[in-house]
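After this come two complexes, each holding subunit A, first together with subunit B and then together with subunit C.
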Partner chain A sequence: MASDTSKRSSYFLISPMALIFAVFLVIPLLTIVVVSFWDYDEYRILPDFIFENYKYLLGSSVTWSIYLNTLKYAVLTWFFTLIIGFTVAYFLAFHVRSLTWQIVFFMLCTIPFWTSNIIRMISWIPFLGRNGLLNSALINLGIVDQPLEFLLFSDFAVVLADVHLYALFMVVPIFNSMMRIDRSLVEAARDAGASGFETLKSIIVPLSKPGIAIGSIFVITVVMGDFITVRLMSGGQSASVGLQISNEIGLLQYPAAAASAVVLLITVLLIVTALLRLVDIRKEL
Partner chain B sequence: MTIEKKISDTNLETDTGVSRRGFVKGAAAVTGAAIGSGAITGFPTIWAQNIKDVTLRQFGTGVSNINAIAEKCKEDLGINLQMTALDSDAVAQRAVTQPNSFDIADIEYWICKKVFPAGTMQPMDTSKLKNYDAISKLFITGKLTPDSEIAQGTAPHTVGFVEGMDSTTFASEPTNWMTLIPTIYNADTLGIRPDLIDREINSWADLLDPAFKGKASILNIPSIGIMDAAMVCEAMGEVTYGDKGNMTQEEIDKTIAVMIDAKKAGQFRAFWKSFDESVNLMASGEVVIQSMWSPAVAAVRSKGIACKYQPLKEGYRAWGGGIGLAKHLSGLELDAAYEYIDWYLSGWVGAYLNRQGYYSAAPETAKKYMSENEWGYWMEGEAAKEDILSPEGKVMEKAGAVRDGGSYEERMGSVACWNSVMDENKHMVRKWNEFIAA
Partner chain C sequence: MAFFSKNRERRPTSFYFLAAFFALFVLFLYGPMLTIFILSFQGENGGLTFPMNGFSFHWFGNLFEKQAVGDFGGSFSRSLKLGLIVMVVTVVVSFMAGMAFRKRYKGDSIVFYLAIASLIVPSILISLGIGLLFNIVQWQPQWFTSALGAHLTWTFPFGLLIMFAVFNRFDPSFEEAARDLGASNWQTIQYVVLPMVGPSLIGVAMFSFTLSYDEFARTLMTAGALNTLPLEIYGMTTNVTTPVLYALGTVTTGFSFLVIALALGTVAIMRRRKGQKA
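Now for the complex of A and B:
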C-alpha cells in the first residue's frame, strides 16, 4: 500500500523529469500558443490578442489543400512503410533463426542511416532526373522512348523518398513486438492445423499491434511535420504544412507560423489519439 | 536538418586567433590578444590609439561575404573580419532579432527597407568617408546618368538615407546620413540553355511559352519571385502595373492567377530557392529557361555547358546590397568600421566584385585595379582581347567573348525594376503560397 511517504518520494523522483518537460516542452509550447495570437508586420511581431492568424489560416482554401496534400503524403508513406516494415520485421523475427544473423541483418538495415538523411534524399535526384541513371537505363533498354518525367519533382518522388527515409522507423518497433511473441503460440497454432496465413492473421498481426502502432506514430508524425523532403523532391512545386511554417518563419511572420504550428500540433495529436484508441499500447507492452 | 541551415552554418571565418603582429607590438600586446580572440565587444575604448587587430563580425548573403576580401582587409588595415554567410531571409531575421550578434550587416536594399526601421542599425556619417563622392549616382539620386529614368521597386536611393543620426525614417533627398554604403549590385534576367532552345529568346514572356512546358523554372523567394512573375505578366500583356515594386492587391491577385494557370498546365519543372539548386536544374537539363543569377550562369558555363544570361527587351530586374553599421558599435570599433567601409570603396574590392560579374558601387576606383582588357570586357561590353580570368585565376571566358547584355551602361541603364518589399507584402506572401500549393 502506498503510504504518504512513498507518495511524496515518488513525486520527488519524477520531479527532474517534470522539470525538464516543463522547461523544454511546456514553456516553449505555451510561448508558441501565445505568439499565435500576436500581430505582425514586415519586420516586427507585435504583442496583441487577435484571431486574424487563425481566421486566415482556417478560412483559406490554401490551408485545406495543403493539409489534404500533407495527409496524402502521410497516408501513402504510412501504407508503404507498413508493408515494407512488417515484411522485413517478419523475416528477421521468424525466418532468421540465429541471433547472430538477426543482428547482422539488423545492422544491414541501419547502414543507410550512417549518412545524413539529406544526403540519402538528394542522392535520388540525379538518379531519377530527366537525364538521370534510371531514365537513361530505361531508354537504353528500349523500355521507354521518352524519359519518364513523373519520376522526379513529383508526388511520386516525395513518397518514394519518405518511404526510403522512414521505413526503418516501422521495422524496429514491429520487430521488437514480434520478438516478444511466445514461439510456442506459433507452434501450437501449427499443431492445431492452422495454415501459415491463419497463423499470421490470428496470432502474429494481433500481437504485433503495439509495434505497428508505435511505428505508425513515428512515421505519421515525422511526415506530417516534414518540409525538406517535400521541398527538394517536389522541386518546390508541392506544399506541406511544415513547408508553409518554414516559409512563414523565413519571412519573419512568426505569429502566422505559430498559428500554423498550433493547428498542426492539434491535428497530429488527434491522429495519435485515434491510433492509441485502436491499440492500447500501455496494456500491450 | 535543412539545406538552408547547412548553408547558414557555413561560417566563413577568417583568422580570429591572436595575430603574431598583435603580440610583437609590445604595448598593444594584451589588447591585441583580447580583441584578436574576438572576446571583446562594445568595451569602452581605452585603446583608441590602435585600430589594428579589431575584430568586426560581418554577416550577409554570401554574395560579398568572400574570404579573399577578409584576407585583403587584414593585410591592408589589420582589421580582422569574421564573416558569416546566410540566406536573405535569415539575414533579415538576424538583423532584427539578434542586434548584438553582428557589427557589420551586409544586406540588400529591399531587406534594408524591412530592417532599418527596427532600429538595430545606425546610419553612417558620409562626411567621414573619403570615397563617398566615388559612389555611383545610381545610389545617390537613382539616376545612372542625369537623363536616365528611375526604375520601379525599392530603388537603393529611396532607402539609402535617413533624416538624421538617430532617425529611422528614410529621407527623400540625399542627406549626411547613409543607411548602407552600396557594395555590390547587378541586373538579373532569365538564363537559358541555347543548345536546347532553337529559337531567339527576347522577352520575359518566353518563360511561359508552352514550347518550354515542363522545362521552365522560377525562383521561390516570394519577394523576388513575384517581381520575375510581374515582368512576365507585363510582357505577356496580361497585367498592367502602376508600380511593379509596390503592387496593389488586385495586381498581385492577377499576377498569381496567371502563374497558377501556368503551373497547372505543367509549365514548371521545379522552383528553386538556393543558388546551387538553380545551377543543378540548368546543368542537368531539367530546365532550359529560368530566372537566374549571374554567377549561377557562370557556374553552369564553367562545367562546359552552354548557358546564356539572356538580355530581354523589357529590361532587367536589379538588386543591390550594401554594408551598414550595427547600432551597438561605438568608439574604436566604430572607427574601425568606418575605416573598413572606406577601404571597401577604395577599389580593390570593387575590382574583385567586377571580375565576378557583379558591379562595384564605385566603378572609377575599381578601374585602377583592373587591367584594360578586364575593364573592357566586364564594364565596356567589348570583346575580350585575351582570356578572362576569375578572381581565383580560373579561365572564365576565352578571348573574343563578349559579355551577355553588353556594357555597364547598357545593363544597369535598362533596369525595369528593383527588388523590393511591398506595402501589401503580407497579402503577396499569402498569394505566393497559394501559387506554390496550387
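Now for the complex of A and C:
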C-alpha cells in the first residue's frame, strides 16, 4: 500500500515535466517528421506523402557541401575548445592550490557566458573589422601594409566566435571530472618517478574522459545546429545546415526545411550516440 | 587536504606557462565585451570602430527613442516577463521532478532521456517543430504560449540535471528524522527539504531566467507577431550601423549581471540566516 502511494506521488511529481516535453518536444519533432513528407506551393503546405523533399535534398550537391562545411566548423570548434578547455581546467584543478582562488577564477570564466550570444558575436566587430583594433595594430607595427580582409566575415571569424561562445562548455565538465580525481593517485605517480607529462598522460587524461565526452557532446551538437553565428560572422558568405533550414523557413518552404531538419537530427543523434559510448551521463552528476 | 597545505612548495615551470595561458583566456573572454562597452559611449559623430570621437551618452538616449531602433522598450518588457514566467515554472517543475527521481519507478528513464534529447536537439528544430504544429492546428503563436513552451524545453534539462546533482548528495536521514518526529509530508518538504536545497533552487532560477532572456533560436518561429529582446537585437544587427547597437549590448549585459548579483545576494542572505538559526 505504502509503495503504491509513493509510486503514485512519483508519477504526480513528474507529470508536469513529462507533459511539457510531450507537447513542446515530442509532438513538434513528430510534426517535423510528418511535414517532411508533405508538398507545398508558394502559399501553403499541402498534406501528402511524397519523397520529393528528401530526393531533392539528398540529390543536391549543395547539401553535401553544406554538411561538409558544417562539419568543418564543428570539428575545428571542437578541437580548439577541447585544447583550451582542458588546459584551463587542468590549471584550475591542479595548479591553483586554494579552494577560494579556484572558485574566484572559475566564476571569472563563467561571467561572460551570462550575456546574450548575439551581443558576444557583435563584440568582435570593432576588434576584427577592416578598421578594427587588430588591423590598426598590425598596420602600425608594420607587419602588414593593408588591412587583413579575412578577419571578419569569414570562416575564421565563425570558428573564432564559436570558440569564444562555447569554450566554457568544455571547461566546466572537464574541471568537474578533474576535481574528482583522487589526489593521492597523482602523488603516487610522482613518487613512483613519473614525470609531469607521464602523470598527465596516464592518469589525468584517462580520468577526465567523462568530462571531455560531455563537453564534446555539448559543443558539437550546438555547432552542428547553429545558424546565427554562421550568418552574422560569415557575413552571409558561408552556409551551415542550420542556416539552410532557417533560410527555407524564411521562404516558407516548410516541408523542405522539415526534411533538412530530419536529416540534421539523425546526424546529430549518430554523433551523440557514438560519444555516449564513452560515458554514462547519469553517473557523472 | 594534504593537497592544499603543501602551499610553500616551489611552483614548477609549467605553472607559469599555464597561468599565462589562463590570463590570455580571460583576456579572450573579456576583451571584445570591453571594447563594445567602451564604444557604446562613442561621441555623436563616431562610428562602429575606434577611434573614439568624443564621449557621450547619445547612443543610450537613442535607444529609448521609438523610431530610431524599433521597439526596445516593448521587447525588453516581453523578454523580462517571459524570463520570469520561465523561471518560476522551471524552479517548481524541476523541484517536483527532482523529488520524483529520488525513487525508482517504471518509466523514469523516459523523462530523463527526453531531457537529454531536449538538450541536444538543435534549437532551430524546436522552433520549426512548434511553429509547424501551431500552424497546422491554426493556433496563433504568442510569446507567452509557443515561445514559453519552447523556452521550457531548454531550461528543464538544466533544472533537472541540477536537481539530480543536488539530490544525489542529499542525506535522506534528515527527512526520516522529521517524519519520526511526526511531521507530515508537506511539513517535511517545507521545513527540511526546501531550506536545504534552497540555494540550488536559486541557481536553477538564475539559470532559467538568463537562458530564456537570451534565447534566440528557439524564439525565432515561436514568438508570434511581437518580438522578444534577442529577436530585436538580431533585427538590429542587419539594419543598424551605429553604436546604438553597442549601447544596447551594454544595457542588456548590465541587466544580466544585475540578475546574477541579485541571485548571489539572495544565496548569501539565505546562508547567513541559516547560520544564525544554527
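Everything below uses one rule, namely that the second predicted complex is superposed on the first by the 255 of 285 C-alpha atoms of A that agree within 3 Å, B and C clash if a C-alpha of one lies under 4 Å from a C-alpha of the other, contacts with A are read in each partner's own complex, and residues count from 1 in each chain.
As a working rule, a residue touches a chain if its C-beta (ideal position, glycine included) is under 8 Å from a C-beta of that chain, and two chains touch if they have at least 3 such contacts.
Keep in mind it's a predicted model, so treat the numbers as computed, not measured.
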A:Leu133 contacts which: subunit B (first), subunit C (second), both, neither? second
Report for A:Ile228: first if it touches subunit B alone, second if subunit C alone, otherwise both or neither. both
In the superposition, subunit B vs subunit C on subunit A residues touched: C
Given the touch rule stated above, what does A:Cys109 touch, subunit B (first), subunit C (second), both, or neither? second
Taking the superposition as given, does A:Phe153 touch the first partner, subunit B, the second, subunit C, both, or neither? first
Which partner does A:Ile66 contact after superposing on A: first (subunit B), second (subunit C), both, neither? first
Kindly classify A:Ile118 by the partners it touches after superposition: subunit B alone (first), subunit C alone (second), both, or neither? both
Considering only touches as defined above, state whether A:Tyr166 meets subunit B (first), subunit C (second), both or neither. neither
Just checking: does A:Phe86 make contact with subunit B only, subunit C only, both, or neither of them? Give me first, second, both or neither. neither
Subunit B versus subunit C as contact partner of A:Trp78, first or second or both or neither: neither
Quick check on the output: what are the common subunit A residues between the subunit B footprint and the subunit C footprint? 118, 125-126, 129, 131-132, 227-228, 232, 246, 249
Subunit A - residues contacting subunit C, complex: 6-7, 9-14, 16-18, 20-21, 23-29, 31-32, 35, 45, 84, 87-88, 90-92, 95, 97-99, 105, 108-109, 111-112, 114-120, 122-127, 129, 131-133, 136, 164, 167, 183, 196, 217, 221-222, 224-228, 232, 242, 245-246, 249, 254, 257-258, 261, 264-265, 268-269, 272, 281-282, 285
Per the touch rule above, subunit C residues touching subunit A in the complex are 2-4, 6-7, 11-12, 14-15, 18-19, 21-22, 25-26, 28-33, 35-36, 39, 48-50, 92-94, 96-97, 99-101, 103, 105, 108, 110-112, 114-118, 120-126, 128-133, 135-136, 149-150, 152-153, 156, 160-161, 164-165, 168, 210, 214, 216-217, 220-221, 230, 233-234, 237, 245-246, 248-249, 252-253, 256-257, 259-260
Write out the stretch or stretches of subunit A touching subunit B in their complex. 41-44, 56, 60, 62, 65-66, 69, 118, 125-126, 129-132, 149, 152-153, 227-228, 231-232, 234-239, 243-244, 246-253
Which of the residues in subunit B come into contact with subunit A in the complex? 1-4, 6, 89-90, 92-93, 96, 114-115, 117-118, 214, 217, 220, 222, 263, 268-273, 280-281, 284-286, 421, 425-426, 429-430, 433-434, 436-438
